[in-house]
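Chains: A, B, C and D, in written order; residue numbering restarts at 1 for each.
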Amino acid sequence: MALDAQRLAEAAAQALMARDNASAALGIKLIEVRPGYARMQMTVRSDMVNIHGTAHGGMVFTLADSAFGYACNSHNKIAVASGCSIDFLRPAHLDETLTATAVEQTVIGRNGVYDVRVENNKGELVALFRGKSAQIRGTVTEDAPGS
Amino acid sequence: MALDAQRLAEAAAQALMARDNASAALGIKLIEVRPGYARMQMTVRSDMVNIHGTAHGGMVFTLADSAFGYACNSHNKIAVASGCSIDFLRPAHLDETLTATAVEQTVIGRNGVYDVRVENNKGELVALFRGKSAQIRGTVTEDAPGS
Amino acid sequence: MALDAQRLAEAAAQALMARDNASAALGIKLIEVRPGYARMQMTVRSDMVNIHGTAHGGMVFTLADSAFGYACNSHNKIAVASGCSIDFLRPAHLDETLTATAVEQTVIGRNGVYDVRVENNKGELVALFRGKSAQIRGTVTEDAPGS
Amino acid sequence: MALDAQRLAEAAAQALMARDNASAALGIKLIEVRPGYARMQMTVRSDMVNIHGTAHGGMVFTLADSAFGYACNSHNKIAVASGCSIDFLRPAHLDETLTATAVEQTVIGRNGVYDVRVENNKGELVALFRGKSAQIRGTVTEDAPGS
């Protein structure tokens, strides 16, 4: 059963990746997915840099938001973000690789809360993100085991 | 004096635009800037679309965050975002043009709060964003009138 | 019809006040209610003071949250808070009277967003609050005009 | 050294409690304090109940905010809240005892982020809270070991 949940998470992630143009355009890669969990990476490119010569807050947010999206869809029930907050703790510099780790805090009924930590190469915290999800009708993939 | 503040806002915005790779890469355009205010637009491209076929939340956030950035730097004192929150109210679809309007709510000491509304072509609310800024040392441009 | 909406808001507020022990215990008073709008006041008492000798953040929040609650229930459909954020801008001192003004930003389906400003006697901003509401089944009062 | 940090946290908490009228008025009790950590409890009284017959959101927030305050002042450097957010997940009922556990996520320079979980008697999650702190000048207590 735990194995099935893991296979479902992987099947859902594959289905998501096939359609996720925005993450692909930014070079965001899925490193690991588990039920209620996702880890993704992005390297800060020159076209992601803001007026201060560091990663645009929107790019850091997008990485965190993507990890949140994969985590909250990992149960193969389609979920959308209703709201998010982010605290920027350290600037991220050109060519740094950022890792976002999303962990499910709770799912009650159709609503979930997910916390995401974004860290740089040195393991320093770049941002803390919290996302609220709402499940809507439908499944992410029909190719899931047993479905 | 109000005229000088307006010229300063415009000079700061020009200096920002020259260095803002991320906004440029996403086709984000500055429509209007005033002291403590900025209005920007972005059209949802196919490379901004997420797993649901609508604009990735990170792209909507980036537009709002950019408008916030131009508004909080409009006094020609460098300001950075310390934290932001966003509520997603309606999906944004491919080819829609989104308009983000950032309005300063308060600046106390070095800290400011800015509210941003993101609307679609029909004037419908797509997202509400609130950003907190912190001024750091330095000016955005040295080409400002009187500086 | 606008008159009916106003009467409904007033009837709902009266029904709320009759059951709102927490606001009563803190001396929170309703000053004005309109559809999607509420204004409330609270004077900082010695039993509301925190470790810094100023109003406990929780007391400022409670005032703002009450105004939000009256505003989002003013349409006579029961609504509950799903999440809130607050930014503390200035301390509130003993014996100061704080005014919280809640204004509806949007209601889409069952979900609403309300912004609340908390000001002191001098009209200075003490806190900015944003609340998200979700309508559930039921009406606030059955004594409403036409219901 | 870890022992000194623990003694400092306890000395700071004692100094805080002596001045914290608001928490005392609501019957909020400190259960445990460690460096960057605090656990507090509050029982929902009839004067804390809102219009829905459950704990007013402001009371749940106040409990969480108090735990946050004790955690961010546990290093004996005075810290104040700059902003907080809360997600309400389950109603809290009359006579239930709520436990708020605050855990430091990071302190960078003078700024910290703390996460607080509020649970009911059954260990069910009632609310998730995130607080941002800013250290100001001064120490909480001068009676601290070695200070």
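Keep this in mind: a contact is a pair of C-beta atoms (placed from the backbone, for glycine too) under 8 Å apart; a residue touches a chain by one contact, two chains touch by 3 or more.
Note that the structure is predicted; figures quoted are calculated from it, not measured.
Comparing the residue numbers each copy contributes, chain A and chain D share more than half of them at their mutual interface.
Farthest from chain C in terms of Cα centroid separation is A. Chain C and chain D, compared by their mean Cα positions, are separated by 24 Å. The mean-CA centres of chain A and chain D are about 30 angstrom from one another, to the nearest whole unit.
If each chain is reduced to the centroid of its CA atoms, chain B and chain D end up 35 Å from each other. The set of chain C residues touching two or more other chains comprises 82-83, 85, 87, 111, 132. Against chain D, in their complex, chain B makes its touches with residues 82-83, 85, 111, 132. The touching residues of chain A, counted against chain B in their complex, run 16, 19-25, 46-53, 55-59, 61-63, 65-66, 69, 73, 78, 80-88, 140. Across the complex, chain C meets chain B through its residues 85, 87, 89-90, 105-106, 108, 111, 113, 115, 125, 128, 130, 132.
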